[in-house]
Structures are given as C-alpha cells and as structure tokens.
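Notes for the one structure printed next.
Labels for the chains are A, B and C, by order of writing; each one numbers its residues from 1.
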C-alpha cells in the first residue's frame, strides 16, 4: 500500500497511546517518591516511605507469595488442560471457528464475577447444584470456598482462575497450531519419526510462540486480580491486587502506584519475551 | 535380568502392533480424547449453567431450589439500580465497540502501511493494553483522567468509562484486522486508485470490504471484552455510573437479586441467537451468489 | 510519423538514500509496444509506478502529451495498470471487478454492461461475469486483470510482469494474445519483464535496465545483434565474449589471431570486447582453421547441440546441428559480419 501517505493515519493513535500509556507511567513514578493525599499536590511532600514499606512490610510479602503461588498453579493447570484442548480443536474435522467461539467467546458473555460467584456457590457447604442433585438421589458437597493452605494455595481460588482464564490459554495455542503446515508433519513422518516423536520434535517447538503468549495471558491477570480472591477466597486471602485496590481506595496513591509499578515490571518482562517469539503479535488473538 | 526386561518390553510392543489391538487402541485413545474434550467444555459451562438454574429458581436463596419460575426474567427491568447498570453496560459496550471499530480500522490501515520496523514497534505498543494487567491499566487511566479533571471537572463517570473501554478495545480490533491486511495483495489500493478512485473512496470501496471479516472479528472481540470488563470500569467510574460488573461486585456477599441471573442468561442467549442469525444470513448470501452463478452458466 | 506520447526526462527515484531509478531518459510513441527488461531489482517496477502515478519522481519530469504530470494522481491519468499479482478485488465478482473503473467514472449502466461484455469476449472469457475471482485459475485471473484495465480504454496500458506466474505453455499463448490485443486496440503498452525471450518476441522497442540505469534502448534485433556492452550481451541470449584489440579499420585481433570485421567507431589499438553468438560459430576442419580447440562437453538441446569447445584455456559455446564427441579436436570459423565489437566496460 502507498507507504508514506497512509502511514500518517497512525499519528492520532500514537498520541492517544502516549497520553494513556506514557503519561500515567510518569505520574506513577513521581507518586512513589511522594507522600500525598490522593493526587492533591498542595499537601504533597517528598518521601521514600513507599519504597521503605515495599521492602519491609510483611503484608506485601504475603500478598506477593499468595499471588505467585495461586497464579502459578492456575497457569500450570491451564497449560496442562489448554494445550490438549487446543491440539484437539486444531486437528478436528469440525468447523474450528465454531468450536473456538464456543470455547472462548461465548463463556465471556456471562459476567465473569457472576460465574465465579456461581463457582463459589458450588464449592460451599450448601449449593444449589447439590440441592438439585438431591432430587434425583445424588449429592455433591465440596466445601472448599475460603479454604487455603500455609503456602497460600487456595484450591477454590485456583479453580476460579482456571475456569476464568483457560480460554486465554487455548486461543493463542490453537492459533499457532492451526497455522502449522501439515506437510511439515508429513515430512517428519516420512523421515522416520513416529507420531509421538513428530509431536515433540516438530509440533511442540513450532507452538512455543503460542504457549508463551498463553502462559503470560493467564498468569498476568491471575497474578494481579482481586475480584476472584475476594469471591472464592472469602476475603481470607490477600493478593497483590487486593493490596493495590485497598491502597487506592484509602487514597494512598503513593504505595498503590509503587505496587502497580512492580506488576508493570513483570509485564514489561513478559512483553519483551513475547516480542522475541512473536514480532507481529499474531498469537494475541 | 535386563535381557528379560528387554524381551518383555518387545513382547509388549509387538502386542500393541497387532492389527486388532492397534485398532482397539486407536479407538480407545480417540474416545478418551473426546471424553476429555467434552468434560472441559462441561467445566467451562458449568458456572453458566448454575447461573441459569439460579435464574429459574423461585427462592432467593442461592442454595435452595424450590420451584421453577420465569418471574426473575420479568424482574430484570423492575429493579432500578440493576436496570440502570444494565443500560449503562450496554450503552458503554455499544459505543466503545462502534468507536473502536471505526478508529481501529483506520489505525490498522495506517500501521499496515508503515515500514516493517516501525510496524513492529507499533504492534508492540498496541499489545500494551492487551498484556497489561487490568488493575494497572485501570489505575493508569484513572490517574490520567484525574489529571484531566483539572480541566474538565465532571468527566468521571460515563465519559471516563467510555474512554477507558475504547482504550482496551482498540488493540483487539487492530490485532484482528492487521493479519487480514497483510493477506491482501500489496497493489490492491493502488489498483483502486488506478481505476479512478480518490484515496478515501479507494479505502472505502476496496480495502474495507476486503478486510470485512477481520473487522467483524474485531467488533465481536471488542464487544465481548467491554461487556465482561470489571476491573478497569471499577477504577474509572464515578458519580454513581455503575455497570453490571460493578453492581455485582457491590452485591457480593449480600443477598443478590436473582434478576441479575436472569439478565445474564437472557443476554447470553440473545447474543448466541444474534450470532446464529448473522452467520446464517452470510451463508445464505453465499448460496444466493452460487445460484446466480449456476444460472448464469446454464 | 509516430507521435511522442509520453516522455521521461532525467527521472530519478531514491529509496533510503540509494538511487533505485537513476536519471532515466526515455520517450514512448503512440501505439508502441515497449518493454522494460532487466534483472529483478533493477528498478523496472519503480519506473512503471512512476508512470502510473503511484510514486513521484524525486527529480526529473514525466511528460504526457506535452504536459508535465509529476503531480497528477493515478486516478486522473489516462493510464491503466495490470499489476504483478493482478490485485483483483477479492470481495467483488468478475463483472464488478471489470466494471469498477467504469462505475467510478459514472459511465451509464447499460454502457457498462456492454463494455464489460466486450472486454470479457476480448480476453476469451465470456460467461464468466458472475464468478468469484478467488475461484479462477491463475491464467483466468490474469485475463480478468487485463480486461479490468482495457475496459477503461486507456491511452497507455502498464503491465508489470503479467505472465510471470503462468506456466510455460500458457505464457507463450498469452504472449501472442497480448501482442494481438495491442495491435487491435491501438493502445500503447509498457511492459515489464525479466524474461529476455519474452521481451524479444513481443516488443517493438526494448529498454534494457541495470541498477536503475538504462543500458540500451533499441529494437529486439538491434539489441540482440549489437549489444552495447557486456551486460546487455550476457543478458540478451547466450554469447561468447572475448577480449580483443581493434587493430585498425576492418581488422580486429583476439585469441592471438586477426579477423576481418565490419564494426566501426573505435580507435586503432583500442581494447574492445568481442561478442560472438553461439549460433554464429561454425565447426570446420581443424586444418587451416584460425581457432582450434577440443570439445569439452556436448548437450542435446532438442533442435541443436550445445558444444563447449576449449580454445587456449577459453571456453566457447557453440550451437550446432551436428554432434561432435567429447575430446575431438575441431576448428572454429566465424563470418566477419557476425563479429560484434563493444567498448570495454569500466566495471
């Protein structure tokens, strides 16, 4: 396409991104060095309190640990479930587009908070499912809502995270698997590798790109969310997201910003990783 | 000893190589595969199913199914706060989808026309809102909008939420359109100009129709993301402008009106129905073309 | 008398600091079939795009019917293009593709239908009007692309390697058809190709390009028989190129032997490149031959044999109808009017 002329269409987007991505970054960095009441600059003073707190506060450490443990376990489970599902869809004879829609988009038309609330209901001592099952002589009771171990691992929260973010693992992996040239696999078989070997030597390495994206797309929201821990952890569990939320609600923008920057650091690391494996961003959708 | 193990393992391999055994094995594997697949779909839909059950439950209690009823469906628009939240959600989602689809299409065409290096940089920048944690996005936007408040004191509420939704919808639209653009013949736009289109007409008449499937995907993604968003909306609302997610979050732990289950179920069904209508219509159109073509051949 | 239709004067185009088209001068007459020929990357497409109005020259002028048209956008030029990979509109059927330009020019409906039908007949695809373009074969798409351009009755038709994607047989048929079409319609064709055979068969005039610079402009026979430099000689057909010295008028010396020749325009004692086409070398008895060598290889090419003969460490390629076994000593002979002399390249 006519390069110089149409390229100009990007300029407004660049400005938009600068204002909404760049500017807040600067504001946040500045805020971490201040002690202020929300954004009120008239009473603000220079202070390292937030930074000191970051390294000394026990709550921060617990929250980080809880977030990492639960998000990590959820991500691993999502990968273990999501990869085979993506693989099955990519190799199925059905209309792939339809299955992918069923797997990813349609569940999202139900409100995610409501869905987690339903899971919470299922994992409580008395649930509507058990009540319905009773009528046909069955029962299902698994009261783990709010339960957590010393490591911070909470089965209910992990289940909620997995069921909420699984689609974000399936979609990118499916996208790369579907694009793999089938003749590559035939070539591999032709060269004497059996199905299992072909999978590990050809298919899997070629799908790393999608796996990377999938892992990041599941880990980041699991790590930083605060609604699911609140619903399924019954508020017993502090996550890093919970902490950020409470700081901002208490008008402590300084410490809140610092914690956000910690998350942002992880995100930039992930983005560097994604940019390395997938320069055109084709696995993100 | 080891030779015994070896011969045993060979025997096992040979056993599985026997045609009959091999066939049974294949069938078993494929059954396991599909059972697993259906089970995962079941799990994904289990919460949605529970919500549906709750929506038909006469009792307000979340754990006690008393009687089948449609009454909550009638209640959706009875409760003022919920009705307002639903209206707000739909309004924001529709507007954000519309605006980000239009802008996203324009920006995509711009990004596509850049040189390779610049394009990659733009794609990277475009990924920021997608990969960024919702909470960081939400807070970032809130901070900027708070600064804007010095100039426009009343923006918190509808305006900020709409801007925030456009912000995280745009990248999805752009990401769905870009691959479609790179599938196009490089000379397509030039061909339009060559055949007497002015630049803007060329884009409207040729580029946009050729990437329409990408635009549609982007629209679908944008709407889905917008309607399901909680965190970003939560940080960027004000003056009591609640959407459904915020309403639900506020009601968690308290007695939630089952009307929201009814709304959720009805909305899902309407969306699915809409999708079916659209896809049926497009396949009908294809068939029509086919008929026209075959008539022409005769 | 032919009339000048379009002219390029000192046209230069640079990308990222390097000149892709370097100070080109060229004029094209009405009804001419002119071909831009050169290896891939030599700036042919860029030249064509500047004529079509898709790119602006950095310097120089493009003059159409006596007017400078540098700033004229493509949609205001009486020129249409057949693009390299056709660039058919994927969302439109064949009819709408061809009618696209006419609709934009607000031609009345009945006339559009008529002209599209005529165009389809011209490219021998009647009854294809309501097909989807994506269901057509490469050759058919090619024809639709041509129909889409000529239906607008342009003064000039630009064709960018239109046959490159077709297989040999189809390509040869299309070459013939395109030539016929050009004669019938009386449109000036500016044709781009990297295939010298195609250029030789179709063109009235050939422009040989290399690295953005025009090497030679001439008729196919002129360029074949009298290449101006080594590049042209090598690019257009096979040739034996030998270093020699222009002894004096009508006498040239190479391989240590003196030959009669007819080319003029060199100074006595000047170094020259001697070009002899493989089919112009005859095999004779080694006794009394000016050049004697040993056959080093022989390949059957269908009509003729291609022999390689080593003469004093220098390999000569010869096309002949009679085979000689490898290892046999043979004599070579060349007629004086088939010895072509060129100035030595500075490269």
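By our rule, a contact is a pair of C-beta atoms (placed from the backbone, for glycine too) under 8 Å apart; a residue touches a chain by one contact, two chains touch by 3 or more.
Bear in mind that the values here come from a model prediction, so they are computed numbers and not experimental data.
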*Fewest touch steps from chain A to chain C?*
2
*Going by CA means, which chain is nearest the middle of everything shown?*
B
_Between chain A and chain C, what distance separates the C-alpha centroids? Give it in angstrom._
58
*Computed distance of Cα centres, chain B from chain A, in Å*: 15
*State, to the nearest whole Å, the distance from the C-alpha centre of chain B to the C-alpha centre of chain C.*
53
_Sequence positions of chain C contacting 2 or more other chains_ = 54
*Junction residues of chain B - those touching two or more other chains*: 186, 188, 190, 193
*What residues in chain A touch two or more of the other chains?*
2
*Taking the complex as given, what residues does chain B use to touch chain A?*
33-34, 36-37, 40-41, 43-48, 50-51, 53-54, 57, 62-65, 103, 106-107, 109-115, 118, 120, 122-136, 139-144, 146-147, 167, 170, 172, 175-176, 178-179, 182, 186, 188-190, 193, 199, 217, 220-221, 224-225, 227-228, 230-231, 235, 244-245, 248-249, 252, 256, 260-261, 264-265, 267-268, 271-272, 275
*asked:* Under the definition above, what is the set of chain C residues touching chain B in their complex?
replied: 49, 52-54, 73-75, 79-81, 83-93, 100-101, 104-105, 127, 129-132, 148-149, 152
_Considering only the defined contacts, which chain A positions touch chain B in the complex?_
1-3, 5-14, 16-17, 19-21, 23-25, 27-28, 31, 38-39, 81, 84-85, 88, 101-103, 105-119, 121-122, 124, 126-132, 135, 163, 166-167, 216-217, 220-221, 223-227, 230-231, 241, 244-245, 248, 253, 256-257, 260, 263-264, 267, 270-271, 274-275, 279-282, 284-285
_Looking at the complex, which residues from chain B come into contact with chain C?_
184-188, 190-198, 201, 205-206, 209-210, 212, 289, 292-293, 296-297
